[in-house]
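So that you can tell them apart, the chains are marked A, B, C and D in the order they are listed, and the count of residues begins at 1 in each.
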Amino acid sequence: MPGYAAYLLSRLGQFVLVVFIGMNISFIVTHSTPIDPVEQTIAAATQYGSTNPEAIALMRQSLRELYGLEGGLGAQYVAFWRRIAVGDFGPSLSAFPTPVAVLVGRAIPWTVGLLVVSTVLTWILGNALGGLAGYYRKNRVLRFAGILAMAFHPIPYYIVAFILLITFGYLWPVLPISGGYMMNMERGFNLGFIMSLLEHSILPILSLVLVGLGGWFMGMRSLVSNVVTEDYVTYAELGGVSRRRILVSYVMRNALVPQVTGLAMSLGAIFNGAIITEQVFGYPGIGTLLVSAVHAGDYSLVLGITSVSIVAVSAAVLMIDLLYPLLDPRVRAR
Amino acid sequence: MWRILRDLFRHNRAFAVGMALVFFVVVFATLSLFSPYPPNDSFVVPPDLPPSWAYLLGTTSRGQDVFWLLSFSIRNTLLFGLTVAFISRILSLVIGLVAGYLGGVMDRVLMSINDTFIVIPLFPILVLFYFVMRDRMSWSLLALMMACLGWAYDARLIRSVAMSLRTREFTETGIFSGMSMRQVLVQEHLPYVLPIVFSTTMNNLNWSIGLEVTLSVLGFTDINTPTIGVLIYWANQHTALVAGIWWWIAFPVLLVVIAFVGLFLLAVSMNEYIDPRSRLDRVHG
Amino acid sequence: MRIWRAIVTFVVAVSAIASAHAQGSISKLPRRETLIVENPEGTIKNAGWFNIWAINAGGQSTGLHQLAMDTFWYIDPQRGLDGVWDNSLASEKPIYNADFTEMTVKLRQGIFWSDGKEFTADDVVYTIQTHMKTPGLRWSAAVQVNVADISAPDPYTVVFKLKKSNSRFHALFTVRWNAMWMMPKHVFEKAGDLLKFAFDPPVTLGPYVLHSYDPNGKWFIWQKRQDWQRTTVARFGEPGPRYVAYIDPGPPDKRVIAQLNHELDIIHDTSPEGMFTLAKQSKTSHSWFKGFPYAHPDPTLPAVILNNQLDMFKNRDVRWALALLIDIKAVSMASYRGAATISAIGVPPTGSHPEYYHAPLESWLKDFELDTGKRKFKPYDPTLGRQIADMLRPSMTEQIPSDPEEINRAFGRGWWKPNPQAAQELLERAGFTKRGERWFMPDGKPFTIRITVEGELRPVMTRAGSMIAQQWRQFGIDATTIVAQGSLVDRRNAGDYEAIISWSVETWGGHPDLSFFLDSWHSQFVAAPGKAQPPRNWQRWSSPELDRIIEQIRQTGFDDPKGLELGREYVKLVVREMPTIPLMSYNVFTVMDDTYWTGYPSAESAPYTDPVPNWANTKYMMVRLKPRQ
Amino acid sequence: MTAPLLEVSDVVRTYAMGGLLARHRTRAVDGVSFHLDADRPEILAVVGESGSGKTTLARMILNTVTPTAGIIRFQGTDLSRIRRARDRRAFMTHVQPIFQNPFEAFNPLKPVDRYLFVTAQRMAGLKAAEEIRQRADDSLKTVGLSLAEVKGRFPHELSGGQLQRVAIARALIPTPRLLVADEPVSMIDASLRTSIVNLLRRLRDEMGVSIIYITHDLATAYYISDRILIMHRGRVVESGNARAVLDNPQHAYSILLKRSVLSPDAAASGGAVLAAATSRYDQP
């Protein structure tokens, strides 16, 4: 049964395989860390407070039972897949008994909202500028823009974020520096909340865009330079098609194909969160959750987050692969 | 080879400037060999001094001379980035070209491996890896680990170009001329993917150094090896930005930017040189 | 070009939105009635969880245990509002029988839960019995190990029957940072599975109730109870702030910025440099000490903890040699920029301890002799605290006190004078050899020490560790630091480290009794190498002599003056044996902003409590805070 | 009785087309059979409009596309059995392609002589540099060029006609038995076509090479081929002696095809009865 159906099936199979392997790797890595959630819990519970060694031993035992860590690695592995099968990640260990799904669900809208906007914005700006710069290679302004974008690109993100923070939060304090919205505000669909939401997202988005721009710019620039060599562009140029039309409908359209792939993957990858952004701007999201889960040895939560991320990225890759043959007949012919 | 470089240097201003900047950074990094202070020692000079003739780039709150500290840091950071970039470029080139050329089952297998690497979330893996490795975690191990995690995306990019190269007739000519797969890939296809390799190298460098900084800022690296990340880590621990010790941050950032702009200009001019279109232009003209 | 126009438009739009919303509007609460406090727990993963009895399910110092909880007694790490000891829910001190197998508690009357129900012995009995039969609660184990039975002869009296003699059983209900809190019976008995009960909103015993919270755990706002007079702090007056917000302000730099913008009234902790910045730039910011070293010394003793189960540290000579290689002045500079309160002995130099331990023992320390085998010498240098002050005076000028007593209080007294010569002799006696520039252990391997530090989580301690590694390295020991952020707890528990910068000494601060940490130093609790060790004897040191001291303390009443004698015996023992190398107190740069509130505690004028806001004891601060006119 | 040079029997090749929902399979080549004799070199023209399956057929003969059904044998060897690299190379020494677009047939970034050398080295098994050069030069001379003319030249420095000759010269280096020429003249200036076409004929006559000449151009097919296959939508609609078929087409499609290709300027070039034609059969 050759053809697209077979392709679809085999690609789906590959998707399942990749997700399976990815989740297994996550399982192995998370469970091979030396961080023991029980010890973390005990340490946090007894920190600064009174400790009775005998009581600690008892506590250790009952926590082990509570967290379901008694059965050893094999049993945990089976339990992991059994839960995944019903779409459940079990309870978080560091916020027992709250389900992992609840914690992840609370954080994800923020992460997705922030990163989708900034990723798409960065992508559009970077590709537009890069495309122009790749096509009008002699243009001074664009050359300068290119150097500027590249100069910004290598500045460690942490620094960029912090400079923005100091500039707009302290030297010229016009923007809020912390949180996703104003403290003590009714969440909901009302103007005040939305304005507050926008206001709080400006700095995080701006920092992400500034730093991310260079990559897309650079990629698009070189892709366009490549496409420009293709015959059809030369023909179009000779045929008297206007430069702008060539750029838009001949050059950009073709150069964009790999960039769309990149966009899809970046969008998939947003489920990793933006850890430094969240840290610097105190923005709620999955990154902070992940770091704290790692610190707490909360396998369930780490696995929950990585699994969501693995599925999201795989799905993005799958989508691209399924759409690719429909867009590019040369690939289909194979 | 030398002639090409000389010509580039003479006629291509971007190349000349890039070369000069990179040379500057390399010289700076080499200076680390002559540092009067071991890189990890603190309070060898008075702390918190702004740039002056005695301390060209000022001193840190840890009593380190920023000038010498920076020479170690930039050296290690660039070596780190280049190591990651080099290893991961080789991986992505080999896998991308082979998968694109062979297609079929082999492509499916390679891309499955590739995709697994793409979908595994990097950050938690690196952090967990740090915990698993504990005291053995080092600069080189991190570089190796990141190289192994950093090739997949570009391999996919290269594969897509290789796939379209595979359908071009000159590939058939090569095959019917009796070229081996290696020959076709290296001699026929490689020139077409080199521009991508160059620009992804820049991205990869940026990515690896950025990730190193991120991990360092969060404290997930070996802080005994001075790198830009570790430098920022310490500056951050001393709230240097708020405390007004701007030279602790500004000069390292400036140097990183110089290094990158230099490398970028080199990459662009090299790209222009190896780029099929400009190569054709050149031979035409 | 269009793109430029788009960018310009975007920037203009951003500025417009920004300017339209003037800053300072961080909440809709009336700012003058709101106290904004940093919660060092950061972002609370599981914000909607207020059942503090379930282990770590939600936050603790979100205001929950400071403003909503209550228990029998509090010991203040500083002077206290009315003495160190405060009878909170109890109306008097614990009453033990002669052999410490029974403890009777008299309860205060007229205390009400925030939902209007009176607090009585029923609640206490319910709390204890629940913990006895429910494993997995925060204090279940402690209750199960100790309590045989509980009864309430009348609504305001409870009697604990203990499983075995325990003169410190009341410590379970005595707040030092926290303690076992009382549950509202009428709420919890209807709750079903207690491990799955979120207790949202919490019914409180403290003077505040929950007003609102961020589902993402960035902030928690508490509101003063209408009937605050029916709570235990009412004895000291009305709490000042109508609202108290506990927030996650982000990393240390941001806390500084937030306070400079007057958006954060109390910073829990920042870096020394952040503190200096605030001291320089903000007229309204101040801290525990008026000038240098600013920070509040917590009753906690960071030390170089050596793993005494490792062969290389089994010999006392080696441990002492390592101590003599530390230049405490440099460590103080590197860690706290000099703002450290040093301590040569095994109790923190804070609260009432200098009076009880440091001052009285100073003459003994001065006479203390160490024998290297080649010669005898007196390692203690009583002037080191002063030397640090003198070193800082040129740059910090009038910030540095000159009164010797003040210097003692702020910088500590003396420490061990660096003595590489003696260290060399001690190491050689222990069988170590120096070849070239490097030291080798008796088995011929290079003498390497990896010092584990906590990194970002304890920046100051990380700095101290780096400096000590450097000093050891300069002597020819291959010493490096390892950041074990996150895994520190596991490694410390399992003895999977060589040296660690951490603390195994924590005390009440206000009270000379040392059992709080010392009881767990008994050799009966030392785990085999590789096995998890219960807190706090991380150094895994066992000594028959110490066991004898601990056993005697167990037989002595809490306020018995004999306890102090035994405490001093412990101090002398650990000076001789040096199982850990004590460094300094854990100084916390808690910075308070006067813009909206006054009446914060301070060392000079109002040492009534610890200002460090994650301590449950800080509830006392609320009654002293007054809005600034 | 020796095996035929090439034997194509009932070859089918299908492709899946269409989107996610509306999929259908097209038969690019649908049951084609023919054979070439081993002892009598000939030019077989495969004629059809674009999309008629002739290129797919060519690729199957070159063994770069596998048939969905049917068998192709070259000198008695089933092409689908050729798996090892050595066998494949042996096959390629006997069967060589000539592509439609000479500008595409060579890597624009490489000098064209390189392909000649590589072929001489790897396909003809020559080792010494001098021998290799000699062989390349000989081969170029066969097509009316010389090594001196093309040495170090890049594809864009040569004209289409020259390039196509270099391509043919390269294909001839391993002394193949069969050339598969896929529209070898369609991208070349009309004025140069005849020379290429004549060259092909000369190869048949002088070197005994069989040629499968794929084209949509009836004029040249008529001019040089011995036999002809007319393909329409993957099927052979008519075949036989070229002149017989073209002079008197039977199938409706062939008639239509013939009617639409006559052009006035064709007669002018080369003195042939029919010459190059550029227009195409209109798609239904």
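Just so it is clear, a contact is a pair of C-beta atoms (placed from the backbone, for glycine too) under 8 Å apart; a residue touches a chain by one contact, two chains touch by 3 or more.
None of the values given here were measured: they were computed from a predicted structure.
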item: Distance-maximising chain from subunit D - centres being C-alpha averages; value: C
item: Identifier of the chain whose CA centre is least distant from the whole-structure CA centre; value: A
item: Chain pair, A-C or B-C, that carries the greater number of C-beta contacts; value: A-C
item: Distance between chain centroids, defined by C-alpha means - subunit C, subunit D (Å); value: 87
item: For subunit A paired with subunit C, centre-to-centre distance based on mean C-alpha positions, whole Å; value: 37
item: Distance between chain centroids, defined by C-alpha means - subunit A, subunit D (Å); value: 52
item: Whole-Å gap separating subunit B and subunit C, where each centre is the average of the chain's CA atoms; value: 44
item: Numbers and ranges of subunit B residues touching at least 2 other chains; value: 131, 134, 218, 236, 241-242, 276, 280
item: Per-residue multi-chain contacts in subunit C, two or more chains; value: 251, 253, 257, 485-487, 491
item: Junction residues of subunit A, two or more chains touched; value: 33-35, 162, 166, 279, 294, 333
item: List of subunit C residues in touch with subunit B within their complex; value: 251-253, 256-257, 270-274, 276-277, 330, 333-334, 337, 450, 455-457, 459, 462-463, 466-467, 469-470, 473-474, 480-487, 491
item: Residues of subunit B that touch subunit A when the two form their complex; value: 103, 108, 111-112, 115-116, 118-125, 127-129, 131-132, 134, 153, 156-157, 160, 163-164, 166-167, 195-196, 198-200, 202-203, 206, 209-210, 213-214, 217-218, 228-229, 232, 236, 241-242, 249, 253, 256-257, 259-261, 264-265, 271, 275-277, 280
item: Subunit D contact footprint on subunit B (complex, rising order); value: 168-170, 172-180, 183, 187-188, 191-192, 276, 279-280, 283-284
item: Of all residues in subunit A, those that touch subunit C in their complex; value: 33-36, 39-46, 48-60, 62-63, 65-66, 92, 94-98, 103, 106-107, 110, 125, 128-129, 132, 141, 162, 165-166, 168-170, 173-180, 182-185, 187, 195-196, 198-199, 202, 206, 279-282, 284, 288-289, 292-295, 297
item: Subunit A residues touching subunit B - in the complex, by the definition given at the top; value: 10, 14, 17-19, 21-22, 25-26, 29-30, 32-35, 147, 150-151, 153-159, 162-163, 166, 214-215, 218-219, 221-222, 225-226, 228-229, 257-258, 261-262, 265, 268-269, 271-272, 275-276, 279, 290-291, 294, 302, 305-306, 309-310, 313-314, 317, 330-331, 333-334
